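Below are structures written as structure tokens.
Both complexes below contain chain A, partnered by chain B and then by chain C.
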Partner chain A sequence: MNFTQQLINGLVLGHSYALIAIGWTVLLGVARLVNFGHGQMYMLGAFVTWFVMSRFGLPYLVAIPIAMAVGIGVGYLMQRTMLQLTIRQDLVSVMIVTLGFGHVLEGVAALFFGSTGQILDTPLSVRDIYIGDIWITWQDIAIIIVAILFFALLKYVVEKTRVGRLVRMVAEDPKLALLAGIDIRKIYLGVFAFEGAAVAIAAALIAPRTPILTSMGFDQVIITFVVVVLGGIGSITGSYVAGIALGLFAAFFGAYVSAAYSTAAMFVFLIVVLVVRPGGLASRPGAH
Partner chain B sequence: MSAPAPATPVLEARDLSVVYAGNRALSVENFQLAEGELAGIVGANGAGKSTFANAMMGWSRGAPKVTGDVLLDGQSISALTTPERVRRGLLLIPENDLVFATMTVSENLAHAASARQAGGRRIYTTDEIYDLFPNLAERRNHLGGQLSGGERQMVGIARALRLAPRVLMLDEPSIGLAPLLVTVVLKTVRTLVDEGLTVLLVEQNVKAAIRTVDRLILLERGQILAEGPVDEMKADPRVADAYLGADT
Partner chain C sequence: MRMMTPLSWLIGLGLMLIAPALLGGSGAVYSAFVLIAIFAVMSYGLDVIVSDLGEVSLAHPVFFAAGAYASAIGSSRWGFDPISTLLLAIAAAAIIAAGIGIVTLRMREFVFSLVTYAVTVVGMTLAANWAFLGGSDGITGIPVFNIFGYSALTDRELWPVAWLLLVAALYLVRCFRRSRLGQEAMTVHLNPRLATMSGIDPHRVRIQVFLFSAPITAAAGWLYSYQRAYISADVVDMYFLILMLTAVVLIGRRILLAPLIGVALILCQEKFLSFGGYVDRIILGSVLIVILSFMPRGLAGPAFDMLRWIKRRAKNINT
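Up next is the complex of A and B:
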């Protein structure tokens, strides 16, 4: 096994994990809520991109915003449906509703797109770069660049802008935010819409690396869960670091031990990190 | 005791009732707060003081049945959400939850009403806030979670002043504070009233309230038992015996 190749694989995988988890990071950081339909929203983003490109022949760069728009719509609809549960912070009901919503999405997607696997080829995924023994596609490079830009932009918006400040106020104390005149319903709706858009762009970029199936949502939600918890719940920097760490771990474990057990190994990694650092890899009090 | 009706009510409640699972927590037939007045609602723990303040804001713990009418400047605001009431100038500084602990003092005060939202009401600038509370100026870069109880109370008041208040309600501002700090906070409240603000103080510390307010309202079991000018109320046995002791 080529160590450098595994390093690159790990970095690409890590940025993919981080990108998939970015919406959940904000969701958990702001609404203190989980969305177990996140994986199915990822699946939907991948299939919408594929459908728009294959059925209508639209370019990749047009398909991505369409997938994002659908993601925003689904996120908004989901949050609109359970807004009262969110405001009451009824976590158990929200978990069940989002889980159910995910299964409904999966069923509808299977009806609409069919249950056979598809390949999402993009202009970037079919172009390789070889440097000696090292191989990478332009799709992989795009994933890394977009993930870095997305995380940097999100960190800037959350920490330096008025919208970010409002979001942080709602995250910390919804009641106090309400009494400060902030319409927390709009913030919650906005955060779910953002999650829908973020997971859709992640899907449009990452899904071309593997065949897409309507049943692939569960794997994505598991990875997202590990990344977000490992990074320190709600921490933007933490999610990025955790995504990279997990990607490198998965790549080297898969290459040098066994790819078949990499998910189990990820959870062992998660348990060890949480025992040693209960706040996650990169968290500190008040970190974002 | 019959209450002297304030001349120009800024804030009113009519037949305001809060019922939790069949249990009536609050039943106030008529409440009025006049322009520029500093009134205090006092009562024992569980009398319904916070329930009243929360109901005025359109906020409640749990999901009680709230009926009746709340009016601000003569207009009903009962159908408005809490943020909409805030934008109209009705502000509540809640008990305990005073600061955003992971944000600096500056960030806590950065959230302000826009001139359009204020509609001519005064928005205190951060410089004016720091003149009013010099402690906060020194601690502007400290996180809210690092502040003392008194400083947190100051941030709570300061943030409300940034939101262009028409009426400011303070829920138990003396709770957890040393007597000297209680005096400082309540003197600041008096200063704000002297500058034209209308304030409703919700207090369990009756002695502190009496030293500060113009009019006292005694709440018991969710109902207004007595109200009147503070000098009259001090002599009322229901206040004197239950809350002030023999020394007063």
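Up next is the complex of A and C:
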């Protein structure tokens, strides 16, 4: 087992995890909401990219914005449907509704795309790079670059721009934000649409690494959850660091211990962390 | 439901017992009734968590699976009878519930739900990979349900057992809602601060409700293993979670018969009005979305409003 190869695998995997989780990070940080349909939105993004490329023969760079547009549409529709629940902060119902959306999306995708696995080949995924014993694809390099750029841009927008300030105000106190004249409906709708776009771009970039299945959403939502909670709920930098840490953990655990139990091991680790530090690794000790 | 007298309960439950025979008594009807009873019992476990405690536990498929696996292993490998496997199923679920309860003691809302989701994922991984649980092959060779000389080879013969289990679950949930623990759970749900000021320990209440809830869902898993005679990792499937949640919210929360009616409506659609697996999945998910987003009191809400309106109209006409 080549240590350096595992290190590179872990870094690529880590950036993938962070990229998948970016939409959820904003969702939790801003709206204090969770979306259990996140994994199925990822699956949909991957299948839309595959469908547009294989059926219509459109280039990869055109397929990505189309997948993002579909993601925006789905995110907007989800939030539009449960807007009253969100405004009432009825978190129990919101969680169940998003689970329902995930179930529907999986059914729709299986009906439309079929239940057999597909391979999403892109111009980048078929080009390998060998450095001695080390193997990497251009797709992996694209994942790392896009993840870094996306996180940097997001951090800038949330912390330095007017939109970011509005979003943070709504996160801090929605009622006060409403009194200050902020249209919180637009913010909530915008955040869900952003989540749809972010998860779609993540899917278009990461899905070429493995065969795609309409039932694969379950795994993605789990990883996202671990990244977001370990990173400290709503923390952008925390999610990025947690994503990479988890990627390295998964790569080494899978290579040296057991690939079948790597997800379960992540969860056991998460549960231990949550018991010791309920706010995640990025929080102050004892914080909630 | 408060208006129902013990006699009307007895008549209703008696009618339920003979309902499959009244509906033609075919194998498909008995099969549907047995499954409705099993899945309703499964849902009652979650109902007390969602409706009374006000939390969303996503770990209930694990309790269902714990009951099914405990029963399958106990009966096929160790030769236990159904009473012993039921006790084993309850013990297994109670141990897991105590573990989850302790771990999630200080977590609320989405963190609690996410951790319970994690438990389901771990359960799914274990069920699919652990040789003791049969791995991906599952557990076969579960003997026919046989108790005190009564053997249930078919769903027709299993129906009285499923009915009894359902009656027991209904009775337990009814007693829970009238008990001190049930009232404390509602207080913690509606006003945690008031609960604390009243001397109620929310952590203790949550663990106790969890310990009450998990064995009910596990008991459903116990009977499911005998009904299917084969258990594999698919008992931890997300379908069961969505089914439970939809059944709990479809009619309305804190209505004793609601999960039973909810499960009956869903399974009747899937068994007798099915449009294929994928469309059924879309229907089930859509029902969940529409009910929670636009009818938060469930189907019973508008029905009760209508009844109240009719009563008011009748009163006005009389006066």
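Going forward, the second predicted complex is superposed on the first by the 278 of 288 C-alpha atoms of A that agree within 3 Å, B and C clash if a C-alpha of one lies under 4 Å from a C-alpha of the other, contacts with A are read in each partner's own complex, and residues count from 1 in each chain.
By our rule, a contact is a pair of C-beta atoms (placed from the backbone, for glycine too) under 8 Å apart; a residue touches a chain by one contact, two chains touch by 3 or more.
A quick note: this is a predicted structure, and the numbers were derived from the prediction, not measured.
**Student:** Should chain B and chain C be called a clash or a fit once both complexes are overlaid on chain A?
**Tutor:** fit
**Student:** Identify the partner contact of A:R55: answer first if only chain B is touched, second if only chain C is, both if each is, neither if none is.
**Tutor:** Once the two structures are laid over each other on A, A:R55 reaches no partner at all.
**Student:** Is A:R165 touching the first partner chain B, the second partner chain C, both, or neither of them?
**Tutor:** After superposing on A, A:R165 lies in contact with chain B but is clear of chain C.
**Student:** Which of the two, chain B or chain C, is in touch with more residues of chain A?
**Tutor:** After superposition, C is the partner touching more of chain A.
**Student:** Looking at A:V275, would you say it contacts chain B, chain C, both, or neither? Reply first, second, both or neither.
**Tutor:** In the superposition, A:V275 contacts chain C only.
**Student:** Let me test your reading of the model: by the given contact rule, A:G107 touches which partner, first (chain B), second (chain C), both or neither?
**Tutor:** In the superposition, A:G107 touches chain C alone.
**Student:** For the superposed arrangement, I'd like the angle with vertex at the C-alpha centre of chain A and ends at chain B and chain C, nearest 10 degrees.
**Tutor:** Nearest-10 rounding gives 80 degrees.
**Student:** If we overlay the two complexes on their shared chain A, which of chain B and chain C does A:V229 touch? Say first, second, both or neither.
**Tutor:** second
**Student:** For the overlay built on chain A, what is the smallest gap between any CA atom of chain B and any CA atom of chain C, in Å?
**Tutor:** Across the overlay, chain B reaches chain C at a minimum of 13 Å between C-alpha atoms.
**Student:** Could you give the residue numbers on chain A that contact chain B in one complex and chain C in the other?
**Tutor:** none
**Student:** Which of the residues in chain A come into contact with chain B in the complex?
**Tutor:** 88, 162, 165-166, 168-169, 172-173, 175-176, 178-184, 285-286
**Student:** Under the definition above, what is the set of chain B residues touching chain A in their complex?
**Tutor:** By the definition above, chain B touches chain A via 57, 59, 63, 81-83, 86-87, 91-94, 97-98, 100-103, 107, 110-111, 113, 143, 145, 159, 163.
**Student:** In the complex, go through chain C and note every residue touching chain A.
**Tutor:** Those residues of chain C that touch chain A are 50, 54-56, 58, 103, 106-107, 109-111, 113-115, 117-119, 121-122, 125-126, 128-129, 238, 241-242, 245-246, 249, 278-282, 284-289, 292-293, 296.
**Student:** Spell out the part of chain A that touches chain C in their complex, as residue ranges.
**Tutor:** The contact residues of chain A facing chain C are 28, 33-34, 36, 81-82, 84-85, 90-93, 95-97, 99-104, 106-108, 110-111, 115, 218, 222, 225-226, 229, 233, 260-261, 263-264, 267-268, 270-271, 274-275, 278, 288.
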